Structure formats: C-alpha cells, structure tokens
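What follows is a pair of complexes built around chain A, which joins chain B in one and chain C in the other.
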Partner chain A sequence: MSRTMPHTVRVFLAAARRDILITTRYADFVVSMLVWPVLMPSLTVFAAKALAGPDGSGLSAFAERTGTTDYVGFVFAGMVLWMWLNMVLWSVGGELRAEQRRGTLESNWMTPAPRLAMLLGSGLNQMIVSIVPVIASLAVCSIAWGVRFAVTPLVGLVFLVSTMAMFGMALAFASLVLFLKELNAAVFFLRGVFMVFCGLTSPLSVLPPWMRTVSKALPLTYSIDLVRRLGLAGASYADVSRDFWILTAFAAGLLIAGCLAFLFVDRAVKRSGTLGQY
Partner chain B sequence: MVSKFGINGFGAWLRRQFRVIGAIAWKDLRIFLRYPANALMSVVEPIMWLAPAYFMGQGFSVNGQAIGFAGFAGTSDYFSFVMMGMFMSSYISTAFWGTGFSVQEDMTLGVLEPNWVTPASRVSLVIGRSVITLLLTTLNSIGVLIVGAALFGVNLTGNVLAAVITMLPMLIALTGLGLGIAGVVLSVRRAGAAIDISNWVVSQLSGTTFPVSVLPRPLLAVALALPTTYGFDAVRSILLGTKTMLPLKVEIGIMLASTAGMCVAGYAVFKTFERRCRRQGLLGTH
Partner chain C sequence: MSVANAIEVDDLRRTFTRRAPGALNRMFSRRRAAASSNDNEAGCNNGGKRPAALVAVDGITFDIRVGEIFGLLGPNGAGKTTTIKMLCTLLEPTSGTARVAGFDIVREPARVRASLGTVLSGERSLYWKLTGRENLEYFAALYDVEPSTASTRIRELLDRFELTDKANELVERYSTGMRQRLSIARALLANPPVLLLDEPTAGLDPQSARNLREVVRKLKDEGHTILLTTHYMAEADELSDRIAIIDHGKVIALDTPAVLKQHIQQMHSVEVETDREPDGILDELRSLPLVRGVECIQSGNGFETWTIRVLTEDSRQTLDTLLDLLRAGGERVLNLRVAEPTLEDVFIALTGKSLRD
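For the complex of A and B:
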C-alpha cells in the first residue's frame, strides 16, 4: 500500500506530462484552444440576432420565455458548456483510440502501471487544455459583446462539479472504445443528444413535454441552467441549491460508474485478447 | 493536350483519368460502407445540428412564425432557411474534408507515396476522392432533408430543378477549392484544425444559419467575397422566395465566373505545392 500510491501518482503524472508534450508539439492546438471558443458562440449569436429582427420584434417572444432579453449571454453560456463537454468526451476516449492507432496501447498496458492512472493522467492534460477555451470564450463575450458574467466561487464550483460529471461520462466512453474500436460515432451521438435536449440555444419551455423529461435526466441541462442563473441573472445559492445538489449527485454517480465500467471492460478485453485489435 | 496527342491520344488519356477516378471512388465507397455506424451517423448527426436551430427559432417565434427574422431574410420560415443552408454547406464540407483532407488521410495510412509513384495523374487521384464524397454527400443531404422535413416541417415553394442547376457551378467551384486545399495540406501535413475552422467559418459566413446582412461590416465584406454566399442566396431565392442581395442573374454570373477562377486557382495551387514537396522530398514525411 505504501509503495502503490506513490507509484500510481508517478504513472498519473508521467501520462499527463507525455500528453502535454504531444499536445504542445503541434502548434495547431493553440488555434483550437483560442479560435473555436470565440467563433462558435459568436456566429451562433448572429443567428439569434437575425431572429430578434432589425426592429427587435422577435426579442419580446424570447424575453417572455426566458425572462431576459440578453440572448448573447444566454447563447454563450450554453455553447461554452457544450464545447467543454465536447472536449472532455473526446479527451479520454480519444486518447485510447490514438494509442491504438499509434500501436502503443498494448505495450503500455502490458506494463505493471495502473491503467486507470494512465487514463486519468491523459484526462488531466485535457482538463488543463480545456480551461483555456472557456476563459477565452468568456473574455470575448465580455469584451466584444459587453456581457458581464458574474464569476463567483459558486459558479466556479458549478464548473468543477460539471467537469466531474463529464469526466465520468468520458471514462465510460473510454470503455466503449476498447470494445467498439471506433469512437467517432459514439461521441457524435452523445454530444448530439446533449445538443438537442439541454437547451443550448433555446429555453427548455419550447421543447415538447417528452423532451423536457429527457432534459431533466442529463447533467448538462443543470450545468447550463445554473451558470445562466448564477452568472447572468445574479441568483443566490438559495435560489439554485436544489439543482446544484442534483448536479452533484450526477457527478458522483457518473464518476463511480465510469471507473467501474472501465475496470470491467479492461478485464473483459484482456480475457478476449482483443486489446490490440485495430 | 489534343494537339500534342491527337484526338485518339486525348481520348485514351481521358479514359485513363476516368479509370483512375473510378478506382479511387470505388475504394472510398468500400471504406465508407465498412464502418456502418459512421455511415448512419452521417445522416443522424446533421439532424442533431438542425434541432437546436429549430428550437432556437421557436424561442423567438410568435405562433410558429419568426416575425423578427422576416425583417432580415424576407421569410418568417426560419427552419426552411436553415435547412437549405445546411444542405448547401454540406458541399463546402466535402471540399474541405472530402477532397482537401484526403491527402492527409493517405499520408496517415501510408498510402500516399505508393499511390503517387504510379503513372496515375495526381490530380485525378484527388478528384477521384471528391467524386464519391460528392455523391455520398448528396445522398446524405437528401436523407437529412427528408427526415428534417418530417420532424420539423420544411416549406419549399420554388422550382427544385432550377435550384439544382443553379447550384451546379458552386459544386464545381468547390471541387477546385478542394484541390487547392489538398495542395496546401500536402505541404503543411497536419492541417486538421485549420481545415475544421476554415470549413466552419466559410459555411457560416456564406449564410448557413443567418442572412449575411446581420453581420458587422468587416465580416460582411468577407462574406461578400465568398462565391458560396451568392450560391446560397440564389438557391434560397428560387426555393423559398427570399430577397436576393443582388439581382439573381448577377449572382449566377458571379458564381459562373468564380467557378472558372477557383478551378484554375485550385489546380495551380495544387501543382505548385506538389512540385515543391517532390523537390524537397516531403511526400513521405508525416
């Protein structure tokens, strides 16, 4: 036990360092980190601006449904969190797929190094990398569009808990990659589900009732709603406590489920001998 | 070409190019069908991108009509506007990813050099990739249109045949663009991020989800410099009855002129970078 923990931490840090080196070796990562968080929400805001109309005649309908005329902040909150989810989903599972293609997965996994530590180390790299786009996006929203997000400790806590929930899902995806050998379709499908049901760019009230029911079962719905209420509308802890604890429960559950799924699949793949299959 | 080889020689040369294009197209079709989940997602994913647009439109609508939007676009049917934009922007993706990025895919798989040392024309090798992706894109887009119409409702009141004919010059121009991008990718060798961003920016600034008139002036100038903007505008005008930025004939004339320009420029860019890479021995590097 006394040797296992430092060993695990060393593996974790080695995997993180490796991935940070790979990420920074190709300069195009800067483009992804800085350009997408600016472009995607901004160009979506133009669509909302078109819908509001040159005379603002569409804006009153929006305000009635959302309680705000600030469609810029509304859209930015949804898009930023969705992009963050997207990055996290690709990170862990995508790393495994990349190792399969590079041909290093089997050789790494034959070592005594704990596999979960290797995976979590890759995840740390992605966490660091994905914070930068969030900051860039919020900065653009504030400077270019004049929207003020209240960045309070509670908002930071919501981001942290949301990250834990997303990471749990990403771990489950890493497990799927070991079985399916192909990640793209699964990630596209899941991020599509979140895009459709979580109210990225629209109030949940415009969704049909069955879709609103599905929305309530997705953690990102709570993340987006909490950030909008806390960051834009100035809500207090008392106003959002129920939804905050629902999100926390999601995070805990998904993290545990993700780890268990990974360990189960790891054992199954070893038994079937399909780990190195491409 | 004809004077150099004679009519028979030109005919033989043309047949060789079609054989190469056909072989590459057949290979790509088989690869596409080998991953059925990805094939299915190529229809499902666009629907997932369309759904938020539909609901965003509903968020601003009164009795299902985007009355504010009509002030910019000349139609309150926001979803049909976006549906047509997505249909046409799928061809922009074909140019960037299907044609332009194909070179990087071949590099990654290690087949670029073996293919390129054959006597087959390299332009035909790249065009072959674009043929099948154009076909698959068309089939996908029609599928998405049918599903989108069933789920959300699409109202096309215009002449579909006229719209298709109007779109053809844009497709040819985009093939030329894809050829040029392939040349750049050959030199840069790792261009995924740049292609991803360029593809999305060109699509959006062409007016996929909003009329370009909402853009601030600097971005509007960029949008008006894109030939695809006029393609989108003209096709929407024919199918949805929206107002065009310029007279329809002028927009069609701009597209025809840009078709010739983009094909010539794309070919020149591709050959330039291909020569450079061969001289520097970069073809096999990863």
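For the complex of A and C:
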C-alpha cells in the first residue's frame, strides 16, 4: 500500500514544484502579479487623500474612528490582504479547474497518490506566488508613501493562520468545482462580501450595526484588523490575543470542513462519473 | 483472485443519470428533448421533466489472464472507455464487481491504482508546459517510485522510448507520437503488472502506430498483462490474444481472433470502390437474403471515392446485384475485390453495422 507519510510528502512537494515550474513559464502572469498589487491600492489611497482635504483636516475624523492617522498604511493593509485572499481563495479550485480543462486531472487521479496532498501542493505554489505581491505592496508602501510597517513574528503568525483559514475555504470551493465546474459567480460574490463587510478601506465602526454583526462572522475581518493593529498601531500580543484565537479557531474549523467537503465530493464524483467533464 | 487472472470482471454495469435541463434552459430552448429512440436507454424521457438513465456498460463479464493482450473492440459509445475508467477506479460501477491484480476496484482503489499503468485516449494527459523529464519526475512521485531509483528509471524509460534527446524540451513541442510514447513511459514508471491502454494508436501516423504496436508486443513479452481498447480491427487482430467485441455496453462475442473469424468463414467480403457516394442502394443490399452486413465508407486516399463492403454468403449473386444497382444509379466502379473475411467482417456480422457507424 502506497499511502505512507513519505509518499504523501513527496506528492505534496512534487505538486508544488510542478506548479511553480508552470507558473514561471508564463512570463506575463509574473509581470501582472507584481504590477497589479501596486496599482490597485493606489486608487483608494488617492481617493482618501482627496477626502482628507488639501490641508489634511479630514484626518482627525479618520484618526478618531481608527486610532491612527496613517490612512495610507490602513488602506494598503486592507487592500493587500483582500487581494491575497482573492488569490488564495481561488487557488486550489482554480488549479483543479485548470487540470480539468487541460485534461490532466484524470491522469493525476489514476495514480495511487493521495489527492489532498496534490491539492495542498498546488496550494503551496499559490502561497509562494501570493507572497510576491504582498512583498511588492509593502515595498511600495514604504518607498512611495513612507509607511512604516512593523513586520514582527506575530504579524507573520497572523498571516500564516489567515492563510490556513483561506485554504479551508479554498478546499470547499475546490470541492464545488468538481461538482459544478464553473464557480466564477460564487467567487465574485464572496469577494464582494469580503470587500464590503471586512473593513477593507474603512473602519468597521462606520458600518451599520447589522453589517458589523456579519463582519464578525468573517475570518478576513480579524486578519485585517490584527495586521493593522500589530503592524501599524504597535499593539502587543496581550492587546490582540482574543481576536487572534478567534481567527485560529476559524482556521482550524474551516480547514477541517474544507478537507471533509473535499473527501466527500471525491467519492461523489466517482459515483456520478463527472470527474473529467468540463 | 485466481492466480491465472490479472483482471476479473463480473456482471459489471454502469448507468449514468442524465439530468433534465433547468427551467431557464427549457424556457429558451426551441425544442424540447425528443423522446429517445435508443433502446440502450433506461428510465423515461418525458420532455426533460424527469431524469433519464443511460446504460453505458450493461452487465459485462470477462477475465484477462496474466500475460495476455486482451482487446476490447467496439464503436464509439460502446462502453470501452467507461469500462477502462471503472477498472482504473476513476468511476464506480453501478453494480457488479471487478478485481485488478486481485484487488477490488471499489473496496481497494489505492491498491488497484498502484497495480495499474493507464494510458487514456487523447494526448492532453501530460503537462505541456513541463519538459518530458519533468513530467516523468512528477508522475514518479505520484506513483511512489523511490527517489533513489526514480532518476535511473526515468533515464531507462526515456532511452527505451527514444526520447532522451528531447527529454529537456517542453512537451508542447513534441509530436503526437512522442507524446503518446511519453504517456506509455509514464504508465510504466512503477513497472505495474497490468496496463490499460485506451486507443493508444489513435491519431498517430502509420509509422508511429506501427512502432507503438511493436512496443505493446514487447511489453507483453516482458510479462505485462495488457487490456487494449481500439477502433482498429487490424490492430486488434494483430496484437490481441483474445478479443471481446462490445456494443451498446454488452459483450457480444469473446474469443481468439482466429476463432471469431472461423464463425463466418463460409462468408466473403465483397468490396467495390465507386466514384461517388452511392445513393439509396445500401438498404436494398441489406435486404438481400444472403447478405449479413453492409457498410459504406469514404476512402481515405485523398480522392473523392467511396468503398462499399458487403459481407455475404454468396459473393457471386451479391456481386451481380451490387453491380446492377450501381449501374442503375449511374455510379462508376473503380475497383472490385472479393476477399476472405476479416475481424471487421466479424463485427459487421455480429452487429449489422461498421465500427465507424
């Protein structure tokens, strides 16, 4: 029987290497990956500058609600995390969809390799790919806008836990891909929900009460808030521990739910015979 | 499992549920689905309101002995690929059982996959943006080839399939024949005892197809058991130790090529090549008492000619009638041949139609 831990690790790494090689062979994708994260947040930053007025008098109202006058850092943190979420959320499902379109999905699934390891290997590539725009954004933030963002181990940990939460959702999406094939509408819907409810460019306090209630049920709300407080406002672990553990609980729950959903659908498509269909 | 059998298939059946179109589809559709006349369909088709079922594989039973090449022959939609997909565990059977190398395809799918090398039809099963070597390295990890032996195994396979010179080129630059050879190399990475080859020579030029048939023969000599599906009668005849002819999901004949041909030895195949498509005479030919099958195919020789093949128990009488009908229709006869029956004729005699129908 082939399903040993070394085999699982080899499959995970092989899938990651495969996708990294393929990604690097599409030069235009690499360019867009670097340019887009720089341009997109700039739009909101310019809008915020205009709203602050020529003398920046609007900043006091902003500081009153957010606890910081650094609106550029505030907006960048929200936008960068949201863009990174978009990439991770669609990463596993997108890879599965690409495999279906290429015709390679069945040749992978005919092997004795654990399928979850293949998918998570693809996800590792996506993580690496997603980190590049985050770093690019941080660099722009620092060089062009003078934002001083504290990259502490705790910020890194929040980033990692947030990634796990997103992977849980990404696995659930991947499961739906096997059933429904096209999921663009659902992904766009979810992106919209996150955009409005998670405080991307504005503090949560400006939202109506019912929207704030919804936002508390979304892991990205905690990710964005934690990164802003730790990286911009200089908060300590004690200040954020409650929200950090809520985010961790989200991550564990979503990962388990995502894996279970995938294992269930894996069996279901073998019964329905829809694996190779696209 | 009996030691003598590499694959055992018992009353295997696979039904697909076809869902009715959604309300929007129905609203904008000009025509409702016409009631199906296909006798292979089960359930009911009532204008798209309820699901109907399609029986793709209908209770097939066969054993494949260790070390033999077993041909699964049938037209498109006969159930060949569905059978292969069930055997390689991509699809669960609706009922029945099958064992590969002694492992049950439903209860022990991982063990089945570890015992199999499968090449599905079509050439998109490789990563075109990876090199040939990178493809093999990736699949070696999936097939659990030990890292210490993987590179040696890959080198051997590249060498064997004459791909060493192109090993570091992207697969998108490979010819169809090279991709097919790489697919077989991939299936052999873990040196599995059983190989499933689904239409391995489809789309290849004659020379590449001949080379690939030679590869299949050598794999048998090395002790591999091979299940081969093909459209090509001559290929099945040349390679297979035994052949199962499958049509509408059922095995309608199973024996060695020689025995299958013996069944219709008293018959002859009359072939006439004409300068244009014969119009309306095929039904008349089919109605003749001693005619067992008729097919008409456009010649693949680059000219606009058609070949009518008639399987008959009385070639002289059939030939007279055929020529009369062609003359009456104004067709010009370019070539005429009376031949011994082939495996293709066996298929026509059994099903009343050609593999291309």
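Brief remarks on what is shown
Just so we're on the same page, the second predicted complex is superposed on the first by the 274 of 278 C-alpha atoms of A that agree within 3 Å, B and C clash if a C-alpha of one lies under 4 Å from a C-alpha of the other, contacts with A are read in each partner's own complex, and residues count from 1 in each chain.
By definition in this document, a residue touches a chain if its C-beta (ideal position, glycine included) is under 8 Å from a C-beta of that chain, and two chains touch if they have at least 3 such contacts.
Bear in mind that the values here come from a model prediction, so they are computed numbers and not experimental data.
The superposed arrangement places chain B and chain C next to each other on chain A without a clash.
Of the two partner chains placed around the shared chain by superposition, neither chain B nor chain C is touched by A:Leu160. Of the two partner chains placed around the shared chain by superposition, chain C is the only one that A:Met110 touches, whereas chain B remains out of contact.
More chain A residues lie in contact with B than with the other chain of the pair chain B and chain C. Using the contact criterion defined above for the overlaid structures, shared-chain residue A:Leu260 touches neither chain B nor chain C, since it reaches no partner. Seen from the CA centre of chain A, chain B and chain C lie at an angle of 80° in the overlaid model, rounded to the nearest 10. In the superposition on chain A, contact of A:Ala150 is made with neither chain B nor chain C. Judged by the touch definition given at the top, the superposed model places A:Ile128 against neither chain B nor chain C. Applying the stated contact rule after C-alpha superposition, one finds that A:Ala139 touches neither chain B nor chain C.
By the document's definition of touching, of the two partners only chain C reaches A:Leu21; chain B does not.
Between chain B and chain C, the minimal CA-CA distance in the chain A superposition rounds to 8 Å. On chain A, the patch touched by chain B and the patch touched by chain C overlap at residues 26. Of all the residues in chain A, the ones that touch chain C in their complex are 1-4, 7, 10-11, 13-15, 17-18, 21-22, 25-26, 102-104, 106-113, 118, 270-273, 275-276.
By the touch criterion stated above, chain B contacts chain A in their complex at residues 35, 37-38, 40-41, 44-45, 48-49, 51-53, 55-62, 66-73, 78, 190-194, 196-197, 200-201, 204, 209-211, 214-215.
Across the complex, chain A meets chain B through its residues 26, 28-29, 31-32, 35-36, 39-40, 43-44, 46-59, 61-62, 65-66, 180, 182, 184-186, 188-189, 192-193, 195-196, 200-203, 206-207.
Note for the complex: chain C touches chain A at residues 14, 16-17, 82, 85, 88-92, 110-111, 113-114, 116, 118, 120, 122, 124-130, 134, 137-139, 141-144, 147, 170, 186.
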